[in-house]
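Listed after this line are the structures, all set down as structure tokens.
Shared between the two complexes below is subunit A, which pairs with subunit B and subunit C, respectively.
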Partner chain A sequence: MRITQGCFSFLPDLTDDQIRSQVQYCIDKGWAVNIEFTDDPHPRNTFWDMWGLPMFDIKDAGAVMLELNACRKAYGERCYIRVSGFDSSHGWESVRISFLVSRPKEEPGFRLLRQEGDGRTFRYAVQSYAADRPEGQRYQA
Partner chain B sequence: MEACEGSGNISHEDAAETAIAAPPEAIDLRRELSETHVAEVLDQLDRELVGLAPVKARIRQIAALLLVDRVRRRLGLSSETPTLHMSFTGNPGTGKTTVALRMAEILHKLGFVRKGHLVSVTRDDLVGQYIGHTAPKTKEILKKAMGGVLFIDEAYYLYRQENERDYGQEAIEILLQVMENQREDLVVILAGYAERMDRFFRSNPGFRSRIAHHIDFPDYSDGELMAIGETMLTAQNYHFSPEGAAAFQNYIKMRREQPHFANARSIRNAIDRMRLRHANRHFASDMPVSIEDLVTIDEADVLASRVFSGGLVSEREPE
Partner chain C sequence: MNVIEKSLKAPRSRYSAGVMEYRNMGYWQPDYEPKDTDIIACFRVTPQDGVDPIEASAAVAGESSTATWTVVWTDRLTACEKYRAKCYRVDPVPNAPGSYFAFIAYDLDLFEPGSIANLSASIIGNVFGFKPLKALRLEDMRLPVAYVKTFQGPATGIVVERERLDKFGRPLLGATVKPKLGLSGRNYGRVVYEALKGGLDFTKDDENINSQPFMHWRDRFLHCMEAVKRAEAATGEVKGTYLNVTAATMEDMYERAEFAKELGSVIVMIDLVIGYTAIQSMAKWARRNDMILHLHRAGHSTYTRQKTHGVSFRVIAKWMRLAGVDHIHAGTVVGKLEGDPNTTRGYYDICREDLNPQQLEHGLFFDQHWASLNKLMPVASGGIHAGQMHQLLDFLGEDVVLQFGGGTIGHPMGIAAGATANRVALEAMIFARNCGRDTLAEGQRILEEAARNCTPLKQALDTWKDVTFNYASTDTPDFVPTATAAE
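Take a look at the complex of A and B:
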């Protein structure tokens, strides 16, 4: 199951040129661009690992693409990679844009867990099949 | 600069054949030039920088090459990004940094770099202090320079022959890799004194082969330095009195003979000191000063310099 998180996730995967122009848009807006990766695709997993430092003082998307390619080389096959733009200006101080730029080849999807509670209540939870394995060993053949 | 000069020689059948394939008959390079506004930068370069005739000629040649290349790329005649890395060699104060700034602007206008900013660095900015510190530091700088021009001043300090474990070597390797693989992302300009740069290139052949344009900056003549001095003064709303100008001409002649002469930079420092003496002279006198006094550098301000009394050397000798 293709996971859909962040901007553009219902569109076909962005090409490198499209990523580059989105990143350039972020830079032109003055946002710090970050590259993050994770192998836990749960939608509530907000804390992804960071690739390097936030890129505050770059002027051109080429630099981000350089880092992104390095990150893909290291984690491309077995992690989701996303790019986010952080707006540090007063009043915002938060992530303004975030989109997936790379995903593992196989995405096994989620199982639905039902837990019977008191009386007739049910609690529902989703759990990624990938998360059955320990961290760092997911999405590998 | 004339386009398609040879088109008259093509026989009729040939012409008919090419007419199908080639859309535009002739390309007006002049129009191309005015569209990119490169001519303005070149003219500005001519206007604002005194002397440097060979440098300006080389830059015009490079600009012409790039302009033609741009047209060729648009027509699909070439797709490779040309190698644009350069080395500027010359004595201190000959305008290498200033020209590098203009170069960034020219490259930007021609579309060979996307942003056209100049990141000026030295060894300290690239090389780390302990193992594993250099690579991230160099990469950080390279990322900052992407889309623009990376200007490495006194590049030969990157390579220390006497210490084979010097971290400079690591920075050089990363630089070379990026210079080769990311040619469309940034242009690297290395600068430094001619003879030491030569030695640097000899011990790092990888650099020499990756650099397309070697530009040598000649020393300024006395007349040119005088013109530079006058331009600097005018920019600060000062001017020489006739005697002051004569004295300054003498000053240049004598300063050149003395150690640590740094062309235009020496002139700038001299002017700063002259302004100091000029202010002190008027401050010390009890007479009211006129506006004319405030903007005129006189003979006395120039002649008080220690250059006329033998310079630094004579001052230190008695000790």
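Take a look at the complex of A and C:
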């Protein structure tokens, strides 16, 4: 399967040039750019691990691409990596854009657990197959 | 000394029994300067032939506040000058002979805090059937911050909705399940599953899907949530379906909403026809239960569409932001339903901005401060398709739900393909815009480029390429940049 989180998951995987163009868009808007990675892509996993602090005062997307490449080197094989733009202006103070820039070769996807309740009701739970394995050992052959 | 001053300073003659012109009873005060805490209404007044526009406007002020048809001595038991609404300005409507914009200020004490029912009972409760008027329309209202702060506002708001759904940087995509009537729960759930798995964020019940012989509500909820959760597992994304909890009584609506919550839905839906009090009750329920609240504006066109009579949708939008819904259908500009581009822009600004500066060409008569009240996500629905993506993005911006019902389910290769076509078109357009391309001018080319990697999009573009709805709007703003007074 292919996880379709983020802004551009229905497009072919972004090239570095394409990523740079979107990062530059964030910078031009005055947003802080953040690189995050995880091996638990559950749709409710909000807090991915941060690759350093959000980059607040950069002018050029090249700096972000350097950091992204370093992150890829460390985690690219075994994690999802996303880039997000954070807008601190009043009334928003949250993420403005978020998109995946790297994903593991194999994406095992999710199982749906159903716990039958009274009548015909169910309690549903979505679980990542990868998360069956311990942290750090997921997505490895 | 003019007549008003005379009457105000001479209570004996002002309050002697009998009938007196409204303008002489204190409801016309051209020198009045509205206070920051006043609620101001702008009415479009069309008096009967021979009725003086000032008198007609003063009558509207009177009948929507303290007056009745005759003088009553019991006024003198009250601080009646405070409680009288004051019409302070009457302008002829540009290019509409016989109609006038009347501006009326109401003291804050005339209204119960936090109650749309009370506000609307005052402002539109009695005056619209007043015989000396041919027609009357409530065009806009200025709601003072002191009053805005008495409302909860949207249960969730745009920012928290996005955080909760983990979806940023692009409009959300939805579709109304079609056919809107007749599907069984099982078949209905199939449509939901296909559309969500194919790439939509939301599916939606239509306004009149409640609990009918062909599909009772529990069966719909059960099948829909199975579909939603299956789609979440298939995509790794948060998905939702607007479960319409509209019902005959509040007790029924609470029961349905609780069931939606129990099954794990992120969103429920109500129709405007349930009434303002029920809407506010559901907004409070939604806030308590971490639920997004979608409002379908069912029925609004009966009173919003004609320029001369009724209530403008911009007023309804303001009331609904106060009342506390999270989504509201606000027009598409390019689709099958009424919507002048400038007027629609005004509605969208009311939903999404913290300050609406006066902008007559968008139909906004007043500066409106929202005092950090949550923002409300407008929904564009009705006769739109992937081939219009560049126009939709240009007209409606990013914080909007684009709902392609027929434009998803009517796709020649099926529902999931229709959903994928819409999602690819949207992501490609956002990507191009962020790269600095002129999406409005290059829209067709951007879509064709994206379609090279996406057969469903190519088929969608081929199927609907010639579909447009170009009709003149019945509701456009009437304004001249510098309006002049009638008197």
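The working rule: the second predicted complex is superposed on the first by the 140 of 141 C-alpha atoms of A that agree within 3 Å, B and C clash if a C-alpha of one lies under 4 Å from a C-alpha of the other, contacts with A are read in each partner's own complex, and residues count from 1 in each chain.
What we mean here is this: a residue touches a chain if its C-beta (ideal position, glycine included) is under 8 Å from a C-beta of that chain, and two chains touch if they have at least 3 such contacts.
Treat the numbers as computed from the prediction; the structure is a model and nothing was measured.
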Checklist entry - So, A:F47: does it touch subunit B (first), subunit C (second), both, or neither? => result neither
Per residue count on subunit A, the busier partner among subunit B and subunit C is C
Requested in this report: Pick one for A:L66: touches subunit B only (first), subunit C only (second), both, or neither.
Outcome: first
As the complex stands, subunit C meets subunit A at residues 159, 162-163, 166, 168-170, 199, 218, 222, 225-226, 229-230, 232-238, 262-264, 354, 372, 375, 420, 423-424, 427-428, 430-431, 434-436, 450, 453-454
Listed in rising order, the residues of subunit A that touch subunit B in the complex are 55, 57-63, 66-67
In their shared complex, subunit A is touched by residues of subunit B numbered 114-115, 117, 139, 142-144, 146-148, 182, 184-186
In their shared complex, subunit C is touched by residues of subunit A numbered 1, 3-5, 7-12, 18, 21-22, 25, 41-44, 46, 84-85, 91-99, 109-112, 120-124, 126
